[in-house]
Amino acid sequence: MTAIPEPGLRELYLRGERHAPRVPRWARRVAVIVALIALWQLVSALGWLPEDTLSSPLQVAGAAVDLISSGDLGEAMATSLTRVATGLALGIPAGLLLALTSGLFRAGEDLVDSPMQMLRTLPFLGITPLFILWFGVGDTPKIALVFLGVCFPVYINTFVGIRNVDAKLVEAARTFDRGRCRLTRSVIIPGALPNILVGVRLALGTAWLALVVGEQINADGGIGYLMLNAQNNLETDKIVVCLVIYALLGLLSDLIVRGLERLLLSWRQNFAGA
Amino acid sequence: MTAIPEPGLRELYLRGERHAPRVPRWARRVAVIVALIALWQLVSALGWLPEDTLSSPLQVAGAAVDLISSGDLGEAMATSLTRVATGLALGIPAGLLLALTSGLFRAGEDLVDSPMQMLRTLPFLGITPLFILWFGVGDTPKIALVFLGVCFPVYINTFVGIRNVDAKLVEAARTFDRGRCRLTRSVIIPGALPNILVGVRLALGTAWLALVVGEQINADGGIGYLMLNAQNNLETDKIVVCLVIYALLGLLSDLIVRGLERLLLSWRQNFAGA
Amino acid sequence: MTEVRELTEPRTATRTAVIAEDVHRAFGDREILRGVDLRVRQGEFLALLGASGSGKSTLLRIVGALDHGARGKVAVPARTSVAFQEPRLLPWRRVWRNVAFGLPAAGRRQRALAALDEVGLTHVADAWPKTLSGGEAQRVALARALVRDPQLLLLDEPLASLDALTRLKMQQLIAQLWARHRLTAILVTHDVDEALVLADRAVVLRDGRLAEELPVTLDRPRDPGSEQFAVLRARLLGWLGVTVPRS
Amino acid sequence: MTEVRELTEPRTATRTAVIAEDVHRAFGDREILRGVDLRVRQGEFLALLGASGSGKSTLLRIVGALDHGARGKVAVPARTSVAFQEPRLLPWRRVWRNVAFGLPAAGRRQRALAALDEVGLTHVADAWPKTLSGGEAQRVALARALVRDPQLLLLDEPLASLDALTRLKMQQLIAQLWARHRLTAILVTHDVDEALVLADRAVVLRDGRLAEELPVTLDRPRDPGSEQFAVLRARLLGWLGVTVPRS
Amino acid sequence: GSDGALLRVGVIVSNGSQPSGIESWAYQQGILQQQLNAAGVAKVEWVSFPNGPNLNQALKGGSLDVGVLGDTPAISGRAADLPTQLSGIGVRGQDAWLIAGPGITSLADLTGKTVATQQGSYMHRCLVGLLDSAGLTSSVKVTFLLANSAQQALDKGDIAAYAAPTGTGPLLLSKGYRSIDQASNHPGLTGNSYITLSQDAVKKYPKLASAWNAGVAAAATQLKADPEKYYAYVAQITGLPLDVVRASYPASVFGDPAPTVADIQTIRDTLSFLVAQKLATAPFDVDAWLAPGVRAAA
C-alpha cells in the first residue's frame, strides 16, 4: 500500500528511531584535528610557513621526543599539573561558595559582587609582586594566581546561573521543602549546573593562563618555565611543543567537561543543533 | 474587623506591592566599596600594611593626581582603551559568529569546536613570540591578543547558551517561520542572550588581562606599560594606581553589562535571590 | 467505595483553616484582587471558580504563602501542599524523585511509588520529566501534592489536561484522600461538574471579589445526572456567564 | 452568526490534506504508535481523542513535521499552524509580538491586535508572557495559531485551561475561522462535547492505533442538549471508558 | 624612497617609555644622524622593549634593523641562528649589586640560604661568579625572579639576596637596602650591552656598523666631558632619581663601541657561561659574528 501524495502535499522525511550517524562524532572531531595538522605539515613542507616562524609538525614531534626522552617535559608537566590541580581544587569551590553567597542572598550580592567585579580585572602580571610579598617565591604564589584565574569565571558563571533558575520551579520547591539548604542543593544548584559547567570549562583554561604568568615571574620549573626558556633561546620548535601541550590540555579539559555534562545534564531538553 | 488567627494558623506577612528598599541597592554597593577603602586606609595608618608594599589609599590618590596632572595617565588610558575597544569590536563578533556556526549546526560544531577548545588554553605569554613574528611590534599584536582573550569566553558562553535554548520553543518557532535566519535572530539568540552577556562580561575582563601581556611585548605606551614601568621603578604607589584603574574598569564593565541585562533581559522570570 | 461513603457522615470540624481578610493585589496599575474575604473551615472542600484571568491563581498563591506582594490579612496552617496550574516538575529529577521531593528519607521511594500508582503512572517512575505527556506531567504534579500529609491542599486546575476517564478517577482519588485525612482543600477548576462533585462550597471570583457563593449540600457520592445537581450546575454556570437551556 | 451558518453548507473539498500510513513511533523500548493510518480530507475537521499518554501529541507532532524519528509515510500541506499543548510563548517577546511571530512585516501589529481581540486579550498586548495567567497564555497561543493563514491547523488541547464561558467563545471562534477559510483542522481534546460541537469526524487513539472512528453528521450549529448529540456523546465516552447512565 | 631609508632600532628600556641610552642621546644631539645619513639612513624609528627575547623575536620577524640589548639575549639569539651581526659594544662594564635582605651582611651569611636573580642576565653571570669565588656555589641555592619583584621577595624573607641590575640596584640602595658585593669589584663579572644589526640591514647599508659605532663613540666623548647633562636627560626620561642614574651609569661605561680583543674574549666567556647554563643552545664562531670592518685595532 503506497500513498501517492496528492498535489500540493509534501511527503515528510521520517528517518525512524534508530539513527546512529554513519561516522561517529568523536571520529569526525579527531578527523578535523588530524586534517589541521596535515595542512600545517603541508604548508611547512611547501615552504609557505618558514621554519623560523613556525616549525613543522614533524620538527615539533622531534623536539617533543627530545624533551620527553631528556625527562624535562615529564618533570615540567608534573610540576605544573600539581600547581594547577591545587589551584583548581581551591578555586572552584571558592568561586562556587562566593557565587552561592551572592546568588542566594541579595545582601550577599551587595557585599560580595562589587568586590569580585573589581578584583577580576586585576591583571595577573600586576599582582604578582604583591603575591610574592604575601606568599613568597615557592609554589604558593603560583597556586594563588591559578586560584584567582579559576575563581572568577566560576563565580560569574555560577552567579548568573543561579539567577537564571526558573522562579516558578523555586517557588514550587519552596512549598514542599522550606529548608534553604535543601532548596539550594535540590533546585538552585542543579538549575545553575549548565552554567556552572561553563564556568568550570573556562576555569580549566584560565588556570593554565595564570600559571604561565606565575611560572614566568619566579622561574622554578613547570611547563611555563620550559616555554620561557625556549623563548629566551629562540627555540621555535620547543615553544611550539609547549603550545601543543597547552592545546592538548585544552582538549582534555573539554573532554572532561563534556563527560560531566553527559553525566549531569542528561535531563535537559534543549536545542541540540541542526 | 480584625482576624484573630485561630490556634494552629500562622498569619502571613504581606508587604504590599510598593516595596522600594529603604537603602537603594546601588547605595549599598557603593557603601561596601567605600568601607573596603576605609579599611585599607585604616590598616595602612596603623602600620599593619607597610607602605613599601601597598601604599595607603591617600598615597595612591596623591600618585593618581600626579599621574593625571602630568598627562601620563590620560595618554596611557587613551592608548589602552583604543586597543581594547578595537579588540572587543573584532573579538566579540568573531566569538559570536564562531559560536553560531558550531551552535546551530552539528557539522559546524565538528569543524569549529575542537580547534577552539584547543586554542583557548594557549597562554597569551606563549603566543606573543609568534605574534611578534606575524604582526610585528605595532598595535596589531596587542589587538590580536585582546581579540583572542575576548573571542574564547564569548564563544564558549554563546555556544553553551545556544545549546541551552529550550527545544520546545525552537520547535514552536519553527512551525511558524521556517527561515533559519529568522529563527536564529528571533529565538536562538534571545534564548542564548543571558549566556552571551556572561560571555561579554568575562570578555570585558580578559580583554584587559590580555592587553597587559600585549603591552609588555614592547614598550609603547598604554596602561599596562605604565604599570610595568612603575614596577621596574619600584614605585609602589603608581603600581597601585594602575591596579585601582583596572578595578574601576572592572566595575565599569559590570555596570555596562548590568545595563545591558536590564535592557535586554527584562522578560525573564527568574530567581532573584532572597 | 467505603471511603466515599465516609464522606456522607457529618463533619465535625468547626475551626477555621484559612482566613483571608480584605486581600488586595495589584500588578502595576491593574488591581486584580480588590478586597477578597474568605474563611474556609477546617476539613472543608472549597471550589474556586472564575473567568480566565480573574485572579484565581493569584489568590491561591497568596494563600499558599508564595506571594507576599499583597495587602490585607491572611492566616493559614503551617503545612500546605500545592499542585500548580503548570506541572512545575524539576527537570533534573526523575519522576519518582519529583514526587518524593521534600519527604523524609526513610521510605520515600515506597511512598512516591504508591502515590504514582494512585495516579496510574508507576511505569514512568524512572523517566525524566521532559519525556512525559501533558496529562502525565499533570498527574505527577498531583501525586507530588497528594503524597505529603498537608493540613491545607491547594489545587490549581489539577485535572485540566486529563481525558474523561482519567479525570473521573482522579476526582475520586482526591475525594478519598480528602475524606480520609480530613484535609482542608481549595480547588480551582473550570469544570463546573468537577466543582459540584467534590466541593462543600463553591465560590466565584469576579471583579476582584468573591462575588458568589454556593453551598453544595448534596449527599456524597454525588450523581451528576441528578435533578438537584442540574439545578446547581445551571446556577453556577449562570454566574459564570453561560446559560444552559435545559432540554 | 452568519459564519456559523456557512458551516451547514455542503463542503465541496474532496482532495486529501493529510495522509499518514502505517506510522510507528517508539521511545526507547516503548512503542507509542503502532501503525496509525489516517486520511483527512481537505477542509475536514477531525477530533482526535484518547487517554492521557496514548500518543495524541506525538501523532500531532509527526503530522506537523516536528518529529522525524517516526517510521511510515506521512504527507501534509506546506503551511501548517500549531497550537501546542503548552503555550510555548517566546518569553522575550511581548504578547503581540508572539502572536505576530513570522507574519510579514506589513500590518503585522494590526493583524496581531485583531487576533488578540478575538481571544479577548487586547489589554495584555504589550505585556510580557511571564505575567499572563494560564488561560491567558493559552489564548495567546491560540491567537498565534489562528492569525496566520494555514492550510492545516493542528490544535493540541487549545482550550484546556479556559473557563466555561471563554471556552464556548473560543469554540465559536475556531468554528468560524475554520468555516471561513475552509481549513483542514485536527483538534486534540479531552472534552467530548467540544469534539462533537466542532468536528466532522472523531477518532480515538488507543493502543497505538486509531481504534475507533465516529462521523459526526449533525447539522451545524450543534446543540449539546439534543438527543442525537447525547447518543454520540455516550458512544464516544464509552470508547473512552466512561459509561454514562442516562437519567 | 624615504621609506627605504628608515632605520628601525629596537632598544631595551626598563625604566620610562622612551629610550634613554647613549645612542638615543647621541641621536638627540644630532651626532648619530650625521653619521647615519652618511651611511644612507634618512630617519631612525625607535622601538622600546622591556626585555631581550621580544626584541630578538622582532629582529627575527623583520620588524627591526638594529637591536641594542644586553649581552645574554644578544648572544643566545645568535646561538639560536638569529641572522644578526655584532656592530659593537654600546656600554661596557655595567655594574650589578648583590642586594641583601635583613640580617645579611656578607657573602658568607648566604650559606644555606636562597638568592635570586633574573635568569640568563648579566647579573646571573655575576652572581654565579661571586658565589664561585667565595666558594659558596654548592651551599647557596640560586632561584630566578624578575627584578621588579625583588623587593617584595627580600621583604618577605624568601630570598636572602638579589643580584640586581642597573636601575633596580641603585634604587634599592636608595631605599635603604644594602649591597654586600658588586660586579665591579671583580673583573669579568660586569655586563655589557651589544649593538646587533640584522643581516638584511647590513646588506642594505654596508657602512651602517662603522657609522653607528662612530656616532656613539663621538657621543661618548662628549658625554664624558659633561656627564651631568646626560644624567639629567636620563633622569627626565626614566623618572628615576638623579642619584640612581649616576650610580647606574658611571661615565666609565661609555666609550668607542668598536669591539676590542678583550671584548671578543668577553663574548667568548659569556658564550661558554651561557652554554654551560643551558641558556644558549650551542657555541658559534664569534669572529664570524662581527660585522665587517668594525674590529678595533689591538
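Annotations for the structure displayed:
Per-chain residue numbering starts at 1, and chain names A, B, C, D and E are given in the order in which the chains are listed.
Going forward, contacts are C-beta pairs under 8 Å (C-beta built on N, C-alpha and C of every residue); 3 or more make two chains touch, one makes a residue touch a chain.
For reference, the UniProt names are A, B = ABC transporter permease; C, D = ABC transporter ATP-binding protein.
These numbers were taken from a predicted model, which means no experiment stands behind them.
The chains that touch subunit A as well as subunit B are C, D, E. The chains touching subunit D as well as subunit E are A, B. More inter-chain C-beta contacts link the pair A-E than the other of A-E and A-C. The chain with its Cα centre farthest from the Cα centre of subunit D is E. Rounded to a whole number, the gap between the C-alpha centres of subunit B and subunit C is 47 angstrom.
Centroids built from CA atoms put subunit D at 27 Å from subunit C. Put simply, the C-alpha centre of subunit B and that of subunit E have 40 angstrom between them. Counting only residues that touch two or more partner chains, subunit E has 53, 57, 60-61, 148-149, 151-152, 155.
Each of the following residues of subunit D touches two or more other chains: 27, 65, 86. Within subunit B, residues 53, 129, 133-134, 168, 191, 216, 228, 231, 268-269 each touch two or more of the remaining chains. Under the contact rule defined at the top, the touching pairs of chains are A-B, A-C, A-D, A-E, B-C, B-D, B-E, C-D. Those residues of subunit B that touch subunit E in the shared complex are 50, 52-53, 128-129, 132-134, 136-137, 216-221, 225, 228-229, 231-235. Residues 1-3, 5-17, 19 of subunit B touch subunit C in their complex. Interface residues of subunit A facing subunit C in the complex, by the touch rule stated above, are 168-169, 171-177, 182, 186-187, 190-191, 193, 265-269. Subunit C meets subunit B in the complex at residues 15-17, 19, 21-23, 25-27, 62, 65, 68-78, 151.
Subunit A makes touch with subunit B in their complex at residues 25, 28-29, 32-33, 36, 52-54, 102-106, 108-111, 113-115, 117-127, 129-130, 133, 152-153, 156-157, 160, 162-168, 170, 180, 188, 191, 194-195, 197-198, 201-202, 204-206, 208-209, 212-213, 216, 224, 227-228, 231, 236, 239, 242-243, 246-251, 253-254, 268-274.
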